[in-house]
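The letters A, B, C and D name the chains in turn, as written, and every chain counts its residues from 1.
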Amino acid sequence: MRTEIITLDGHIIDSLTLSKVLDILVSTGVDYEIRRFEIGKTHDETSHAEILVRAPDEESLQRALHEVQQHGAVISQENAKLQPAPQDGVFPDGFYSTTNLETFVRIEDTWILVERIEMDCGIRVSRTDTGWRAECVPLHRARKGDLFVVGTAGVRVTPAPRREAESVFHFMGSEVSIEKPKARIVQAVARAIRDTKASGRKVLFVGGPAIVHTGAAPYLERIIRAGWIDVLFAGNALATHDIEYALYGTSLGVALDTGIAETHGHEHHLRAINTIRALGGIRQAMEKGVLKGGIMHACVVANVHVVLAGSIRDDGPLPDVITDVMQAQDAMREAIQGVGLALMVATTLHSIATGNLLPASVTTFCVDADADTVIKLTDRGSHQAFGIVTDCAFFLKELAEQLCGKE
Amino acid sequence: MRTEIITLDGHIIDSLTLSKVLDILVSTGVDYEIRRFEIGKTHDETSHAEILVRAPDEESLQRALHEVQQHGAVISQENAKLQPAPQDGVFPDGFYSTTNLETFVRIEDTWILVERIEMDCGIRVSRTDTGWRAECVPLHRARKGDLFVVGTAGVRVTPAPRREAESVFHFMGSEVSIEKPKARIVQAVARAIRDTKASGRKVLFVGGPAIVHTGAAPYLERIIRAGWIDVLFAGNALATHDIEYALYGTSLGVALDTGIAETHGHEHHLRAINTIRALGGIRQAMEKGVLKGGIMHACVVANVHVVLAGSIRDDGPLPDVITDVMQAQDAMREAIQGVGLALMVATTLHSIATGNLLPASVTTFCVDADADTVIKLTDRGSHQAFGIVTDCAFFLKELAEQLCGKE
Amino acid sequence: MRTEIITLDGHIIDSLTLSKVLDILVSTGVDYEIRRFEIGKTHDETSHAEILVRAPDEESLQRALHEVQQHGAVISQENAKLQPAPQDGVFPDGFYSTTNLETFVRIEDTWILVERIEMDCGIRVSRTDTGWRAECVPLHRARKGDLFVVGTAGVRVTPAPRREAESVFHFMGSEVSIEKPKARIVQAVARAIRDTKASGRKVLFVGGPAIVHTGAAPYLERIIRAGWIDVLFAGNALATHDIEYALYGTSLGVALDTGIAETHGHEHHLRAINTIRALGGIRQAMEKGVLKGGIMHACVVANVHVVLAGSIRDDGPLPDVITDVMQAQDAMREAIQGVGLALMVATTLHSIATGNLLPASVTTFCVDADADTVIKLTDRGSHQAFGIVTDCAFFLKELAEQLCGKE
Amino acid sequence: MRTEIITLDGHIIDSLTLSKVLDILVSTGVDYEIRRFEIGKTHDETSHAEILVRAPDEESLQRALHEVQQHGAVISQENAKLQPAPQDGVFPDGFYSTTNLETFVRIEDTWILVERIEMDCGIRVSRTDTGWRAECVPLHRARKGDLFVVGTAGVRVTPAPRREAESVFHFMGSEVSIEKPKARIVQAVARAIRDTKASGRKVLFVGGPAIVHTGAAPYLERIIRAGWIDVLFAGNALATHDIEYALYGTSLGVALDTGIAETHGHEHHLRAINTIRALGGIRQAMEKGVLKGGIMHACVVANVHVVLAGSIRDDGPLPDVITDVMQAQDAMREAIQGVGLALMVATTLHSIATGNLLPASVTTFCVDADADTVIKLTDRGSHQAFGIVTDCAFFLKELAEQLCGKE
């Protein structure tokens, strides 16, 4: 029989924290006894609980402790255990696997914030001139000998805040459904974007080619030119069809002004790619006067930090596309520093990829015509994402009006 | 071996008519020989074909003839065969089963137009003071002794016109896909509505409760008040949530102004129904000053012909709802006379029910967030329907702007 | 300032009850003070809380009390207030609107169970020879002068039990997703059906016509013939296409043995309906030897209680279909007495209609290829429903093997 | 005014070829006159047509000719025009953009088959020791100075064969719908796989991780071990969750034997990747005795040609994954040589990527729970794909039984 004392502090009743922790203990097969419990008598007072945990063996104990940690339980005042990576690109056995929640590790009796927190990584600890430093590191960037946290001791996680019951976000987040008041939701997104910018944090836009196919590119272009977007993640397809539209007025060969599929038009995207490749890239095509408008043009003008990540579907691709997916991921990791809000529109691949990299503290909206994309995103751990099941063309039109005024 | 001569006239090459007819003959296992063929040399000239059909037996022949009839093949100059209904609500054996295409029957050597054409019915023929009359009759309205057409002889069908390749409708109809230029599509719908009204035909709107849940009711209300809608089909749910919104500001308990689910709010729809039941109906609630706005209010003011059809999901229902489904169908049949365009938004049940009743000549748009609804509609024979996969709230907002101007 | 004392007893921490109650109080804008709190020290001990609620006005208080009632809070030991219905089909103002949770009303200081509990109804109280009786009554069955509960006093609700974290149902119910281990889920459904039958309760099957279109009818037929189904709810379409298949081997004209759409086949369903109408009904068609197999045949042989409810989509309909939707609802209400498990497959309309009528205590599975159906069902209050997003043909095949063995 | 004579030969009436060609001419705004027309009198006889095309300008003419070429029209007996690539990775201006249909180019008065035909590429012509050679080349593999075909002259395309009306494939392909007889469809797929193997061509399987999540991995494993699959395309996710299942019995942390989400389980996939990375790869993990089962294990044992292509969603990735998407595409191009049938299951990304590379002559099945994936695939030019909207777990179970017998 192995035991441990865990403590919980704060609004642990109405945040469901206490309930969840007890629930986890029971479901992982460990026994508990509440040693001390001081309940906040009113809405404003916090509560305090001390719980003795009794597990049949060390493995069960560790499993339970790791899980309750994610809900803010503080386990002990032990220091984190560290072990070196055995080779490049490999973590030591028993490595602590991160979530996307704010995390601290205890090194030499001090709690240190883990930088660049991101799910499914390890925590690398290093001594610097100014003291210890902890950072989140993906597998492929581990170097032989780097020290990584192993086990659960000495790790503290700040649980995700509850969504306020009164807020529109609570409502939006509660269930993924098409049957929601749409104009209110777009207003809420616009307000969140304004708040993010006002607080000095960056806004990230992640988009798929359906934005162009559905005729929504001019709305996104308007939002970008007005300076609302700081970072844009997309693939070769969005950029290509955007440029196809700028050069030929079509997307996938469909004339967006008339809705008519042009004979021959299916080739336009390939000719657009060839043109940009011949010129050396998007910026060069602008400088030569060939590319005169569109989303990518607006990004260059508005100085948006763009990362175009390649995929195996790509034709071409454009010279601006990063074809190595790990390099693309790393470029995305750099670009999200300082981001406070992510707006993902009409792309499953890029939404999930970005969701993997974002801390849970980033306000995240995922807009898709298909509820499945949103379900997949949250299934994969981006629990903070608010799903908005709607048509991306109308969503962006409405958002552009909210942010930039009616035209 | 049974044979028959069929003839085809018109733009039978570029309308695909000839190809389809030959295809049907082959796939039904009958042999053919093209006896005469005069091809139109240019786009404007029509062609003429005479085809000898050879089938192994009478049943195969009839099957093939019936099918090619639907593509405009004229089979013979025989008169239609008539038989009396054996009892009320039952057609004679071998009854001719209608499609929704324009149909003529030959009686005493004269081709007579079948009135009120509708799929899955019989053709009742009767002698009136002014001559023979043929009308489409659903099963439950057959009366013992009524004369119905049996077999395929003496029936001529006008095939559906092809969608013009240059038109946005061609494009829209080609495939059900979310990835289409949306603003263009709404423009095309608005133009079709204007054209229909200008030509003196009626516009039918068929809607589901998601219109209210998504906050789109004010847009629809605006379109109705501006006089664009002549007939409205819906169920208890649309009317109830519309009235709930008018009385409480909520839909399914969600406050549409804030997007927040009110505690207690789930009862509002039932209280709304109870209020209207106590007053005797929608019109009475308006007269008493209780109901002051909303879609149903607008319909009364704008003199829209409303049919509210009941379903087993209904709470209440409102006194205005027809609870017998066959009576409701018949009320819908009356209401569609003179309709030239049907716009179906966010309802599978009512869309398919209406599609069952409409002639193929009625321009039909089916708007739904889910491609499945559109696929089901065309699977069930409403091939004329243009599917628009989008969000009904944004669609109606855009349509209101197109029809009534920006607010 | 209005105040009230509420009490909570049981596993109120780990069931989340206490958290939810405090949450509701805060979000409805009322203040609270925890007067007494005894926490269960271990998993087995229950807790007890007494909470003083302070609201700014009576309306806020009632709103908050009504809501916390649904989570098991006992408000006072007052008796319920009763008022007569002002006219047939109308409840008195301020009527208590039911949920589908087990409910008691306090009459003359005694808690009486509300019979036939169902959401969105009123509670009618009457004195009988053996004492007071309370029953759930839908709007259309209220009679002038009947006594109904008004307000929240004297009503106690048993909250829904939590889903056990260890069970497959917990997992299934947590999120609607296509990405779940399917064979395990079917095993769990089969086990639940066995358990229901073993406990003497009935199994209800609710199905749509896609069961026939996808070739799954023989699997359902097998399950019925083996005696696993006691009650079947469907519409005209399921019965019609089942009979079409029995008579012609097609469904919607598609030959199910070959998958090929027969020319002419689209008429088969209408000819099938005409045949049954001529004979007077399904049972009569069996007696005359015309109908020899299929789902409906199996139901008659296995003595299943069938309710076929009409809809405005219906052709015909079959004589066995109840065309008045309120009569159909009432027939369904009778038929669900004693039902312990409901299995809903491939029908949105009938699933939601049935969900409206079922107490929350009935284990409910909703199987559909489209996540939207499941989302709609729970959006409309059937929170107990487990959504299974899968193909109904393969689901029923697997279920038949689980229940009846491999063939 | 520019003119050209085009000729059509074969079953051009019942294959719709003539109709389509005339339709294209009209819709591209060019005039035509049928100069000569010999119609096949019976089903077995071929027809012959000579059509004079008159266009207002050269551009319209070229556009029309290019389009009718895709339907088999032979334009002239001119030789193809060739121009050198101006730089690496760039085609010459006006390059002929390929479709996925069988294509010939005329060089020095001889028609030469274009090797490795694939959509959205150029045609490179080179002189070899044994004569001229033409091959399909993607943009990134063009080398400065390579000769590419420009314009439409001297190109001949074999149009796609019609789907036989009698076949189950005709039916399957006609519309994407969930409402199809499923068992028949799986039988048809199994028969097509047997036919492909019997004819000496290879079978390609393309799969996504939902195969593992839904518990379908053992069925796929069985099919692979029985030797039915020659080539497998997937991403890091399928391989990772397969190995997670082999090592931990979970997928995304859900225990597939019980359907229960394990606490801690979300880390399993990362630990699985770390384990394989430490060992050097999948084959090495098998040799060390660590990896003892699963899909990837079966592929190594059965000598399946595996290409794992990276994406930006990937954790890790496994050492076997190609992280550069252009390299991955090229590896896929090599692997599809000799493939006669492609079965794509539960992956949008890899299905579309593979569809881009396959000639139209490869029988292609796309299985997905979501009709959207199938619609996207055909929207992007893989018109030959048969969409099967169903659950992948049950599909693979049924397919394994069809191919390998009941267990």
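For the reader, a short list of remarks on this structure follows.
We take it that a residue touches a chain if its C-beta (ideal position, glycine included) is under 8 Å from a C-beta of that chain, and two chains touch if they have at least 3 such contacts.
Keep in mind that this is a model prediction, so the values were computed, not measured.
Identification of common neighbours of subunit C and subunit D yields A, B. With centres computed as the average of Cα coordinates, no chain lies farther from subunit D than C.
In terms of their C-alpha centroids, the spacing between subunit B and subunit D amounts to 38 Å.
Per-chain CA centroids place subunit A at a distance of 33 Å from subunit D.
Subunit A and subunit B have centres, each the mean of its CA atoms, that are 45 Å apart. Among the residues of subunit D, those touching two or more other chains are numbered 27, 166, 178-179, 252, 370, 372, 379. Looking at the complex, you find that subunit B touches subunit D at residues 13-16, 18-19, 22-23, 25-27, 31-34, 37, 39-43, 165-166, 175-179, 371-372, 375-376, 378-379.
Considering their complex, residues 24, 27-28, 63-64, 66-67, 86-87, 89-91, 95, 97, 120, 138-140, 252, 263-264, 266-267, 269-271, 273-274, 277-278, 309-317, 323-326, 328-329, 332, 348-350, 352-353, 356, 370, 372, 379-381 of subunit A touch subunit D.
Residues 166-168, 170-172, 174, 178-185, 188, 210, 213-216, 251-252, 254, 256-261, 369-370, 389-391, 393-395, 397-398, 406 of subunit A touch subunit B in their complex.
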